[in-house]
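For reference, chains read A, B, C and D in written order, and residue numbers begin at 1 within each chain.
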Amino acid sequence: MDKPIRFSTEFTVEWGDCDPARIVFYPHYFYWFDTCFQHWLRQAGLSQALLTERYQVVGTPILEAHARFLVSSTDGDRLQATARIERFDPKRFRIDYELWRDGRLLVEGWEIRAWVARIDDRLRSLPIPPEFAAALAEASQGEIPPASVAPGPPG
Amino acid sequence: MDKPIRFSTEFTVEWGDCDPARIVFYPHYFYWFDTCFQHWLRQAGLSQALLTERYQVVGTPILEAHARFLVSSTDGDRLQATARIERFDPKRFRIDYELWRDGRLLVEGWEIRAWVARIDDRLRSLPIPPEFAAALAEASQGEIPPASVAPGPPG
Amino acid sequence: MDKPIRFSTEFTVEWGDCDPARIVFYPHYFYWFDTCFQHWLRQAGLSQALLTERYQVVGTPILEAHARFLVSSTDGDRLQATARIERFDPKRFRIDYELWRDGRLLVEGWEIRAWVARIDDRLRSLPIPPEFAAALAEASQGEIPPASVAPGPPG
Amino acid sequence: MDKPIRFSTEFTVEWGDCDPARIVFYPHYFYWFDTCFQHWLRQAGLSQALLTERYQVVGTPILEAHARFLVSSTDGDRLQATARIERFDPKRFRIDYELWRDGRLLVEGWEIRAWVARIDDRLRSLPIPPEFAAALAEASQGEIPPASVAPGPPG
């Protein structure tokens, strides 16, 4: 993989995603990170269920996750999500996420995911099959249009 | 505050917290991080509602969150959660979390929280009142007993 | 209001909405019921925040909710949701919901919602303003096209 | 089974369970219904994972669910939950739930659950094994103490 691959999708912040401070309860942002990756899988003709069936993996569990919250969001906001993978390591890969609203960056973060199978009832990390990386690259949406990534004024 | 302050509580992993891989859907760990802090607030005689009423803040929103997932957990597991604050900065503080099961560290992470009020419909960071830090310190449970922090064998 | 009013929207079942049985964890269906109503509000130029500001209500809390689950759904399924209101009672109204996938009815249910304000820190039921019902009727999408409501074979 | 069987447990309403109206987002009550049943299973020495292993069922999926919300609850409230089963039908059973706070009934509702196995990738309803009903009966906590069920004044 000679250059980063990318994927974009969208979400709506719903009433039930917000807490009594009238802003998103922050664990939901990680739900959107995960869901953005699931959308990418589907765009690549894959799904967690298919990965399990084809490779006996229990999915791509998270080893590490991080987020920085720059601007809050609330009920009704439309979020543009982008995911980017710079490279695949032998047994893991990192996805960088950004969530935008109207050209303003709200949240940035990342997940490190492993390729893990349940063997003898223990979870074991295994090498990522090259065709998995290739399928995500095939579904890559190339450069994100400049209009959607222009940073807004500081929050 | 001359030494770190600490708080411990417990959670049960429920069926509805787990995903089709039969392990906790990872955003839920951040729910437990947040909830551990809310329990500490209550132990200190506080709550988000009380903070809002007393200081006009919209709570203690998260600026940054991080987690490292070492060992998976599933439906029925009992988690021991510990939170620790090393110090309070003028407008923010960091809470370090650990989640344990039967003497084995499952998840470690942290949140950075700010003290934020809604002024003219914008969220603004303000200095943390000393009595807030004092109340959390007062509710600190001191050193965590060694038995519960001995690391288990690698996961 | 001389005939029922209706609204349709769509949702995707995500990985994080499913439980270890590989099907939607059932409380999420109520999230989609609620969210379908919130989409209708927005289509009508309203939102819970706006209702609070304009009428001092604390939203439209649920008095009663019901669902019957006919066919299961899982990660990646696209759901067509329809909401229908037959009439508004003085202080409450009932919304009937249906969730479909590819012309097959998966879930049907309803909510009874009240018009409630917080007065002297107690929640009190109040008469629904006629312009609220009118706004929802204005955003009504009329008859749902037959194609999307033809019942599939029994589940 | 000649008389109803019962089980009680407790929950805490957390910050992340509440919506911008400062009350529980109602789908969470169904999470507590489900979780109350899971606690009962564990008290009976069972779990969804064990049921799957022992009987090849995909758990006890919900056919129908209902709730009536009498009094709201918020962050920090301690809920007493009771579950009751009157009888087991050949392939399904109904659980009645009540959620109380300080002797006041907040929510009442029920679930109808089936005994379902995945056969040829389709979910099929099967007869409930008598020893399953017997295990829940064995874990029954008999009559709920009067103190905890005395109805409070109307909400």
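Here, contacts are C-beta pairs under 8 Å (C-beta built on N, C-alpha and C of every residue); 3 or more make two chains touch, one makes a residue touch a chain.
If you're wondering where the values come from, they're calculated on a predicted model, not measured in any experiment.
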| item | value |
| --- | --- |
| Of all other chains, the one whose Cα centre sits farthest from subunit B | C |
| B-C against B-D, pair bridged by the larger set of C-beta contacts | B-D |
| Subunit B-subunit C separation of Cα centroids, rounded to whole Å | 34 |
| Between subunit D and subunit C, distance of the C-alpha-averaged centres to the nearest whole Å | 24 |
| Distance between chain centroids, defined by C-alpha means - subunit B, subunit D (Å) | 29 |
| Junction residues of subunit D - those touching two or more other chains | 15-16, 19-22, 25, 27, 31, 34, 48-49, 59, 74-75 |
| Residue ranges of subunit D touching subunit B (in the complex, touch as defined) | 14-16, 22, 31, 34-35, 38, 42, 47-49, 59, 74-76 |
| List of subunit B residues in touch with subunit C within their complex | 15-16, 18-22, 25, 27, 74-75 |
| List of subunit C residues in touch with subunit D within their complex | 19-23, 25-28, 30-31, 34, 48-49, 58-59, 61-69, 72, 123 |
